[in-house]
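Two complexes come next, and they have one chain in common, chain A, joined by chain B in the first and chain C in the second.
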Partner chain A sequence: MNRISSKIGLVAAALSLHVGGAFADEILVGAEIPLTGSLARVGAGMHEGISVAVDVFNKTNGKHTIKIVTADDESAPAKAIAAVEKLAGDGVVAITGGYGSNNIGPASDAANKLGLPYITSGGVAENLTERGYKTFFRINNTAGYQKAMVGLLETMKVKSASVVYSTKEATADLAKDVEKELAAKGVAVTLHAFDPAITDFKPIINKVRLQDKPEAILMVGYENDYVGILRAAKVLKPKVKAMVGVWSLATPKMASDFPDLMPSVYGTALLPFPAEFQSEEGKRFADTYMKLYNKAPDYLGQFGYVQSMILFEAIARAADAGTLKKGGIAQELARTDRQTLIGRVQFSDKGDNLNFVHRMGQHQDGKIAIVWPADAATAKMNFPGVPW
Partner chain B sequence: MSELILQALYSGVLQGGSYALIALGLALVFGTMKVINLAHGELVLLAAYMAYTVESRLGLSPMFAIPVALVLVCITAVLVYFLVSLIRKDRELNSLILTYGIGIILTNAVLLIWSADVRSTSSSWMQDALVFGPFYSMRSEVLFFVVSVALMGGLWWWLSKSWYGRAVRAVSSNRDAAKLMGINPRSTEIVSFIVAGILASFAGVAIFSYGVIQPAFGHVLTVKAFIITVLAGIGSIPGVMVGALLLGIAEALTVTLASSALQELVGMSLFLLVLFVMPNGLFGAAGRRG
Partner chain C sequence: MKMSKTGLAVIFAAYVLVPLLLGSNSYVMSLIVAAMIIGGIALAWALLGNLGGMVSFGHSAFFGVGAYVSAILTMKAGVPVLAAMLLGGVGAVVASLAMLPVLRLRGPYFALAILAYAHIFKILATEWTSVTGGSAGLASVPRFPTLMGFDLSSKTGSYLIVLSLLLVFIAAYRVIRSSHYGIALRAMHDSEDATRVVGVNSTLLKALMLFVSAFMTGVIGAFNVHYINFLEPDYAFSGLWVTLPIVAAIFGGYRTILGPLVGAVTVYLVDQLIFKNLIPSGHQLILGALLVAMIIFSPGGLMPLLRKGTRRKHAAA
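And now, the complex of A and B:
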């Protein structure tokens, strides 16, 4: 019942209009996020991180208080624009959130026209930062995921790989960039694009098994795609040494929900699981997360927290300087240079995080071990190793 | 190459059986009432989530969810019918809007109750490989293909041999004439919604057993079922099987011979081509054999 109540609360928050006037010392910040539709799960995960950031910021920053106004973009680009416009009407000073490059693109276009800074971690398509907006910032990018995937394959010393990727913008960008870099390093790569609506991956994996015969299969997609690909591979048993994915794969959720499919599978991961935080901020984040949601944080919450905390700090600095409504937030965001839970964050003049590099995790005995890069590794890589 | 094509054909046939199971209920209601139930995919999804609940809460095989799903989905289907029956004017058009709205409500109900997480069976028996020579599949795919064929045979028998089945066809052909023959169209329509609910229950448990479910998945199922129904020709049960198999095989061959990125495009092109050449569908009124 508690779970249902909390879900009702979440949707109510998504549907809520800004209630009444805010207190004088409260600064309104918009969260445009998919809480329903195909991206509801990842949107809800990011929203948890945003809520944790609000809680932590309001407790640790004595001078300013942040109040979040949430608008559900229903995982649809047109609704994302409407959500941004609604939030602007509610009087927010900036926007955090967004998931899926195809939603973030039009949403941040609308925010830019309205002069609202927009910060995200949910879209890695390259064209997002090529628009040259002074109001757009993101803390992760394709290059960081690419470095991690290519770095892992270099460590494995594989000579051939098949990349199975969704035709969505962000996944296609990443797959092609990985292919280019691997090919330049002498690895034989074959690309297999798939439509996001596909459910049976056996014909693709059979092509990989009988024609490509690679040493590793790279999967660039989302949770439902990974389950389909791994199931098909488990049936067809291609002779590969590793199954390597990207986001949303090396997570505690996947480990607990699909224990038979995950052993030895790789994916990007910021933290091992069970999570271990060394810094004060990390411990505060994990404690607050546990208090609010009664569970350990995952990468979605972590990204949502970092992007929001950076924004809140920029807002506080702009408020102190008296430039809150004179473009000061974007200027303060551009000046950001600090260590965060995902590493050092500094923005380029296009709004991209200059320092973002991901890590690679591997499912091992129901846990997630960081196996790349070597200086961050928490366990030895189980290689060769596949779930079957 | 031959091994690739053989596997593609086999995968396509199994996928076609799955599509047919999803489309049958929609085709039945479309055939009898001329109502396109745009909430049909959500009924299938509801059954799939019942299978998830039975497996995750009780630790039982998804197959044990079928009786529970039958009750819940049939009740929901009857509720949908009662709402549709309240429409007094332009039922064919207005029911589209109504059932679309019901679909949205059901999707959000699923989201509230079961959250947005990706779900699928954890039963290793269901997922284990079944290999016949060059043909590879999961056990659950073969199992539910057999179930699909059996249900289709049962439905065909029911429609052609049983009193209620013939009443459904009579109402479908001419509602007023059926009334004059002593058939109560209202109870006949309720029966067709219940049968659609039964078919949706099996389809939902099948999808959970070999696929992946999410709350937003319902409308994808409805669209696929609608394509097959129109492809088949309104009211034709054998047509649904042929249309579903054609679609499944065309998609699998596209993946094998061209690119998987073109799979959906080829499905839609096939749909448009058939409609262009045979506007009544493969087994539509002009040449119906089923």
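And now, the complex of A and C:
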């Protein structure tokens, strides 16, 4: 019996030493992220970026060390709340992560209740920033995607466009905003909504081909939707000059999985593929990414990296000022103003990034070229051009 | 209605010991509340199956309608949250009126028809933008109020609300089952034709059970929306609101009253607290294997298995 209790004592002593050590050196930061469920792939991509940010920060900061505690929210709102509460129980000082506005909403609500700053790039729904929380920050928004889509069409000088969009929140918001702006600029726009569950887009594309006869088709949806729309368009061959999408389209994965559907298709992209970085930070990011994951970074990793790096720097400033547990992190985040891998980041009083503008990429010969805006372009736009 | 000493002890523990011991751990409390939400739907689902012989795949319709009615009433008409929750249940009953024609169907046909209704309500919630907020949904849905200085929107407060709801549902289920309607309903479960021959109006009884089950599910949906403070069509009418409760009910034993609740709490808490620690992503694997084992070795569920265990112990003593 004595032997057992002495062993327990030893284990307890070892544990307390370990915990004590952890608190003395490391600042714990929570990552609430979908690693399983419908958002697992994008969640994993963002998580890679977060891990790269930890590695780079810990090597370059010199004074403070960040340790990430990850909680899988299983792509479900109730579990996202539980994940945030678990992380708070673990003693994290802030949270980075979140994907899907429907998970980010309740999770950041819970974080706000607990007084934990929450930074994300995974949800662009308007109502997230409308709540006016002082603890909520995001580095991307619908307006940035809208500027990119509209900017590209202006450069193309098209006079008519058909918008095919999913009725989900973020996609419907974006489609309607794009329509309004294009209409104000004198472009004839027609809207075609589709239920996220449908897989056969031929009826919609046929309507576009026979009725609208636009110069460009804009697709606002997700990976499976793009594939369905492009397949239908390849069969029906509408006489358009460009097929333009948004997120999750101009990616290396789409280029390799669907080589017949992607040529000349446009989508938002921050990076060309293969990735090229000019800045020192960009090179360090790409090198660390390659070292940790043995692959070139994609946009999910880039967003995850930027949001986490901004947070870690704010934590370091708050720790130096001695305000880590007194609301200092949120105040420091609000003061952020710096050039990042996605451009300059500054937050409005609602926590939205004021300067966010996306770039447009185009699938060219199995690669992704940035074609808009002109100052970031890595290649000439292949226009007019369609996959068929 | 008699209650055993064990029953009273469990209720006492649930009301006093759980908040005292776990109240400060908001993570565990939020898992318990989530498990009880699943348990509430599982109970309502099992009631319809046990006392009416109807297998429903469409309980997410009642859950979603209850949630939307309550959220809209509080946000747009200023109805107090607790009253709106009950009206959410009434809303689900009204929605179930639309389902009356499919009561003539049986077995898989009924199950599929009611699933279609769930989809119709989801489309309504998406398209009726002026009222429901469309696919953007409703954010910042009002929380539970503070009553006599006690914040019901806290974890412990929410737990006590859902616990009380479940106890009322259990009591109602027991009253119905022990009434002479309950005998007729259980007989219908085995042979509807035979019960009709002895003069039971089976369609009326089935409709009444559908209303009761819809009401319970609607109230739980309404509770959930004020607890999560957020609602969108995909979430409100998600298929998970019916598959998980079915799993829980079958795991616990859907022909017993407590089985669905015990099943939900076991399935959810064991999965989240133990399996998730063992395998952080992919822990559902163990749960799946456990379910298969349960169905093979005790098709009646966990409750009959436990009872068999205690009986054996008594016999040995």
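Heads up, the rule we're going with is that the second predicted complex is superposed on the first by the 366 of 388 C-alpha atoms of A that agree within 3 Å, B and C clash if a C-alpha of one lies under 4 Å from a C-alpha of the other, contacts with A are read in each partner's own complex, and residues count from 1 in each chain.
Keep in mind that, in the parts below, contacts are C-beta pairs under 8 Å (C-beta built on N, C-alpha and C of every residue); 3 or more make two chains touch, one makes a residue touch a chain.
Since the structure is predicted, the reported quantities are computational estimates derived from the model, not experimental observations.
Applying the stated clash criterion after superposition on chain A shows that chain B and chain C collide. Ranking chain B and chain C by residues of chain A touched puts B first.
By the document's definition of touching, both partners, chain B and chain C, reach A:36.
In the superposed pair of complexes, A:125 makes contact with chain C only, with no contact to chain B. Look at A:185: by the touch rule set out above, it reaches neither chain B nor chain C. Using the contact criterion defined above for the overlaid structures, shared-chain residue A:167 touches chain B and also reaches chain C. Using the contact criterion defined above for the overlaid structures, shared-chain residue A:239 touches neither chain B nor chain C, since it reaches no partner. Of the two partner chains placed by the overlay, only chain B lies in contact with A:260; chain C stays clear of it. By the touch criterion defined above, A:82 reaches chain C but does not reach chain B. Residue overlap on chain A between the chain B contacts of one complex and the chain C contacts of the other covers 36, 40, 167, 195.
The residues of chain C lying in touch with chain A in their complex are 25-27, 30-31, 34, 37, 123, 126, 134-137, 139-140, 224, 228-230, 232, 234-235, 240, 272, 276, 280-282, 284. Residues 3-4, 7-8, 11, 14-15, 107-108, 111-113, 115-120, 122, 124, 127, 129, 136-138, 210-212, 214-216, 220, 252, 255-256, 259-265 of chain B are the ones touching chain A in the complex. Residues 35-36, 40, 70, 72, 76-79, 81-82, 85-86, 88-89, 102, 105-106, 109, 114, 125-128, 130-131, 167-169, 172-173, 195-196 of chain A are the ones touching chain C in the complex.
Residues 3-4, 7-8, 11, 36-38, 40-41, 43-44, 75, 167, 192-195, 197-200, 202-204, 206-207, 210-211, 223-224, 227-228, 231, 234-237, 253, 257-260 of chain A are the ones touching chain B in the complex.
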